[in-house]
Amino acid sequence: MEYAITLGILMGNSVILALSLNLISGYCGQISLGHAAFYGVGAYCAALMTKAGIPFAIALAAGMGLAGVVGVIVGLASLRVREDFLAITTMGVGFLFLGIVRQQDWLGGEMGIYAIPDPGLGKTGYLILTLAVAAAVAVFSLYVKRSWMGFSFDAIADDEDTARMLGIDVSRYKLTAFAMGTAIAGLAGGLYAHDIKYIGPDSFGFVESISILSMVVIGGIGSVPGVIIAAAVLSVLPQWMQFIAEYKLLIYGGLLFAVMRFSPGGLAEMANRAIRRWAREKTA
Amino acid sequence: MLAFELIVQGLVQGSIYALIAVGLTLVYGLLRILHVAHAGLFTLGGYFCVLITNLLVGVLPSPTGSFAIAVILSMVVVGVLGIVIYRLCYQPILDKPPYVALIASIGLFIAMEELFRLVFGPYGISYTNPPMAESVEFLFTSLKQAEVLTMLGAIVLIGGLAVLASRTRLGVAWRATVTDPEMAQSFGIDIIKVRYLNFFIGSALAAAAGGLVALLSNLVEPTMGSVPSYKALAIIVLGGLGDVRGTLIAALALGVIESFGTIYLGDILDRDAIAFAFLIVVLMLRPQGLFRSA
Amino acid sequence: MTPLLDVRDISVSFGGVHALQDVSFQVEEGELLGLIGPNGAGKTTAMRVVTGVVTPNAGSILLDGNALTGKPIHERVRMGLGMSQQIVKPFRSMSVLDNIVLAAGNARTHAPIAALFMRDRSAERGKAKALLELLGISDAAGARPAELPLGYLKRLEVARALALEPRVLLLDEPLAGLNHMEAEKLSDTIRDLNRNGTTIVLIEHNLGEVMRICSRLFVLDNGCTLKTGGPAEVMADPRVRAAYLGEGAANAETH
């Protein structure tokens, strides 16, 4: 039971992270290879605050806010560079974040931050909190999709230049996407820090960024249900497949490659294809 | 003199970066794909070079001779593998949005690194009788022969590429294809062959880099491509995506900057982050990179 | 009367090539101005300068007395410019109707945060359907652009620009690629739009149709102003005919 709760928290956390990246990369079409950095900003901020005695809820909110602010700064920087450069620039931001954190003692340096205070919710309570946040983020994502903001995002992801010709301020929208996505990632970071009670630079590196992006891409970029399923499954896959732990990275790499090569729209595309085939067979 | 030594060390490291980054920029220039898996070929080239050298060492008298044969063989084999990767992985998804190729490449790279670990073992392999290990006096510092070879190798190989690109018909065809594939096709240029050549050359250079790195540190291990893969991406952006000359300069510059940076910025940033700090600073000042790309 | 669109002394050069030199023209409210010239004359460059895709080296542009120079594209659209492109660029991920609904909703998409709180598309849907009707492509409302032939897509491009309710509508070669019948139909529609009050600048290569529907022509050749005036007067000018020699002169004769 204890183990199931731990897995549940892990799944919930991954769903929040993946949905947050989906706002940036899925809805708005901005491929970010450094999303883990914002996860980290939220985690470190919240952890340092609760260690300094600030209440959990405020620390979480602060982590969210700081991650969002950093997100806007990175977003502003990314507006200056060409589209092709965005992936590499965001990757660079991720490395820069880690590079700085590793060298600063007050951020725990290589060793990280220990003994993060318990928020006092108990394991089950924490699971409920995480799942509630995940559900809220999912509902928010779906709402965004149907709003006029989502409508504009669709246009921007489709063809930025033409979106401008419809009067859409593409830069402002991209920044908004970055702010929302990074803030939510920061929230996930704060939740993570107070669950595991220890954070170190290794949890927020390039591998983690790729891992989050994979969940979005395998789920189907832009598809909320797809991303949720992919995030939930991929986050616990290594645990379930302990017996093939030796091969887990190989399978993961192979899976990424295979999905992109044969079904780039991810699970969502596969599901759509299957539904259409079934519908055709029914009418035949 | 410390500064001189740092510069030379930086140029050695930069030469390795250059040999890797050139292949990456060649692919980008032609297909607009960020070929992350390229770094896997670098590692593989290193493995082949060490394995073949060790095999030949019993047979041939001089370790240097074995190395020479090994590096050439390795370059050819890996060059061909580069073409295979293009055919199987990239050609089918050229019409999809750019993130598809990028993530496919990342997946491929992760899988490659794991295969290296599973097949060759996690601890890496070394030359049994390291060639070119002696030192040479050069101005204010002493260099290993391997370091000299690395710099010379980069100059010869990349210089050779430059000559190929500007003086031969093949080179002209390649440049035409990069500039305007449709027009090139209408002139009768077989762009598929140009792509094969592109991947062959780029991959061969990466393999050479792998063999040289193995000489420098006498170790080839499965994850040695990870860090160079990220840095090479930063380098090609700095050099102007698709610009070989710019990439070369950016690579050498980065090598030198890292050399100095580790000493003077070591308190603030770790070594690998220096490349990206440099990149971000440059991009903020000059969003198109250090050199204007085509 | 102050012109609605006032383009003054625009010069554009790319690396030694002078695409436009001191080009000036005015568009009065309610006009249907034809911007013509042989291939390479600079027509599309002129339009790109007005829309903001290209920054001129010199000159200014005023829309309803307000300066456009220096303003980004989306701001110019909000000030009243609407444009359709020569190479059609529909949003491929949306249906034809949605393409127009988004344009019709440009008041809602102004500020991202405000846009977040708005969901209702019914008003814009109504407007979009009316525009589809006007352009004669109602039957394609639910289709994806990828499924449609060029004739439909050209009309979609015009409808979408119209949905912005622009003060000035810039059409860049809307008839290019259409067969004779389709071209005639679309130019009739453009003429009707103008009769109903829309100010239009029409860049076109199809001289026959241009002569038929435009009240005034403006001729560019090699980046310079050649002539401006009524269709008959312009086409009678020997310099204009010389510029078109071997190009559209044959087309002009048949009308």
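Order of writing sets the labels: A, B and C. Residues in every chain begin at 1.
Note that a contact is a pair of C-beta atoms (placed from the backbone, for glycine too) under 8 Å apart; a residue touches a chain by one contact, two chains touch by 3 or more.
As the structure is a computational prediction, the values presented were derived from the model and not from experiment.
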| item | value |
| --- | --- |
| Centroid comparison with subunit B (C-alpha atoms), farthest chain | C |
| Per-chain Cα centre nearest the global Cα centre, belonging to chain | A |
| Pair joined by more contacting C-beta pairs (A-C or A-B) | A-B |
| Averaged-CA centre spacing for the pair subunit C and subunit B, given as whole angstrom | 49 |
| Whole-Å separation of chain centres (CA-atom averages), subunit A against subunit C | 42 |
| Approximate Å spacing (C-alpha centroids) for the pair subunit A, subunit B | 32 |
| Parts of subunit A lying in touch with subunit C, wherever the complex brings them together | 144, 146-149, 151-152, 154-155, 157-159, 161-162, 164-170, 172-173, 176 |
| In the complex with subunit A, residue positions of subunit B that touch it | 32, 34, 89, 92-93, 96-104, 106-115, 118, 230, 233-234, 237, 241, 266-270, 272-277, 279-280, 283-284, 287-289 |
| Residues of subunit C that touch subunit A when the two form their complex | 51, 72-75, 77-78, 83, 85, 89, 91-94, 98, 101-103, 105-106, 108-113, 115-119, 121, 160-161, 164 |
| Contacting residues of subunit A [partner subunit B, same complex] | 25, 31, 77, 80-82, 84-85, 87-89, 91-93, 95-96, 98-100, 102-103, 206, 210, 213-214, 217, 221, 246-247, 249-250, 252-261, 264 |
